[in-house]
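Let me give you the structure first, and then I'll get to my questions.
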Amino acid sequence: MANFLSRRQFVIEWGHCDPAGVVFNSRFFEFFDCGTWALFESALGVKAPDLAGTFGIFGIPLVDASARFLAPARFGDVVEMSSQVKEFRRSSFDVEHRLIVRGALAVEGHETRVWATRDAVDSSLIKSQPIPDKVIARFQGK
Amino acid sequence: MANFLSRRQFVIEWGHCDPAGVVFNSRFFEFFDCGTWALFESALGVKAPDLAGTFGIFGIPLVDASARFLAPARFGDVVEMSSQVKEFRRSSFDVEHRLIVRGALAVEGHETRVWATRDAVDSSLIKSQPIPDKVIARFQGK
Amino acid sequence: MANFLSRRQFVIEWGHCDPAGVVFNSRFFEFFDCGTWALFESALGVKAPDLAGTFGIFGIPLVDASARFLAPARFGDVVEMSSQVKEFRRSSFDVEHRLIVRGALAVEGHETRVWATRDAVDSSLIKSQPIPDKVIARFQGK
Amino acid sequence: MANFLSRRQFVIEWGHCDPAGVVFNSRFFEFFDCGTWALFESALGVKAPDLAGTFGIFGIPLVDASARFLAPARFGDVVEMSSQVKEFRRSSFDVEHRLIVRGALAVEGHETRVWATRDAVDSSLIKSQPIPDKVIARFQGK
């Protein structure tokens, strides 16, 4: 069964673009990050800044990110971005982001993130934790 | 007597530039921020991340920033930036940044910052504090 | 008579914020730029990427930018930004941006921009041009 | 035989970091881009802004980018970045970036880029082109 899918529409800004007139690559990773927060906010019904507090975690740090750039996006282009968790594992999960521009898939992104807490003894250490069943259930609409 | 002046040289990156082929304005405010940290590091002889701890402050938050853009800077241009405190007041100070590109003044920036601590009772509140005499003396080479 | 005022609402992203947990100053200058494009798009009824072509200009380059930071904005905060041309001069104009966060004015920004064309002889040169009366009239709702 | 390897040292800035106090992920993709330009500049002995003109190309657009985040980088950390082409194919190539922080591999990045020209008939189209032998030879120190 497919997990909850979050959609977001936004417009490419002048400042997103480079001298070739297309979105500079790092901006897409900002868009992905933003998409993941929006996805969790929608799926869990908790405001993004309250996620850590609500679930007693440090956060959902990124351990792996990638993007395939299939078509350029330019100033003023409308982006239709969809974000979805493709797989939940014990303490990590994969998010897929698909950006549609002018009717075609322009960028595909993947993030692997960890459900993380601070170590009880040394708070400077971050440790992965099992993702609660209720969190996964919410993404599955249960 | 003029305060300590810090100089920094760097090269304009592709990702700094916009579709007009020139540095996008917000990047200069990143350069200014960077220049102020480098200035304090050099003048006070303390690593930037240790400034707050060394002086018992929250930081030096920005309350006012401005820039005049006189000439464009482009990908690959070498920037000679100089940063200097123009005035210390009781608990705030003004930093001036001058960016020379191709031999001419390209951008002039000003920042006003506050010497700030967290409130002892409500740590979410930030309060300005008198700048210690020894800090000002260091900037004056004393 | 006041000029056309454009309003935009957006949410502060995780990636906008710095280790102090507040929006890093350069991001506000991105917001201002975005606000000016949206303002011109709305006032003139022309898509932002088509502005230059429609009016036979190179663009509206920034010559001066400033911001006053009155209150912090944090991850998840909703920003109500209003943008308005405060003064049109012969070939330049001033835009004011006001950002309301949690009901209070958090940041006030000013930009001075030039109505600019490329030089007919040397296209690498940018020259200011008189702002057409019809452009100013549109901002005044005429 | 290993290709030319370019090294670059830089310091993490305050504005690179997010509310968790570590470098925000998109910044690493800026670092990678910067590393690739520096690598080409060093290997080919041509200033980065002159690469397109010198080799009659549009540029070296990115088609794939990825990063593994193994350890955090914080404000003030010194980064030792090495960048190297791992494989040249007919018209594309892979660049690997390794970022060492505090003596350990903190981030590993990969970019796939294309040697691209504008289409002779429709200049809005970008086409891949065979990478000249002399370019590859320079990377191999020949």
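The first chain written gets the first letter, and so on, giving A, B, C and D; residue counts start at 1 in each chain.
FYI, contacts are C-beta pairs under 8 Å (C-beta built on N, C-alpha and C of every residue); 3 or more make two chains touch, one makes a residue touch a chain.
None of these values were measured; they are calculated from a predicted model.
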Sorted by label, the chains bordering both subunit C and subunit D are A, B
Would you mind checking which chain's C-alpha centre is most distant from the centre of subunit A? B
Using the stated contact rule, I'd like to know whether B-D or A-D comes out ahead in C-beta pair count. A-D
Taking each chain's centre as its mean C-alpha position, how far apart are subunit A and subunit D in Å? 24
Hey, how far is the Cα centre of subunit A from the one of subunit B, in Å? 33
Report the inter-chain centroid distance for subunit B and subunit D in whole angstrom, where each centroid is the mean of the CA atoms. 29
Sequence positions of subunit C contacting 2 or more other chains: 14-15, 20, 24, 26, 30, 33, 75
Where on subunit B is subunit A touching in the complex? 14-15, 17-21, 24, 26, 75
Interface residues, subunit C side, partner subunit A - complex: 13-15, 30, 33-34, 37, 47-50, 74-76
Residue positions on subunit A within touch of subunit D in the complex are 20, 24-27, 29-30, 33, 58-59, 61-70
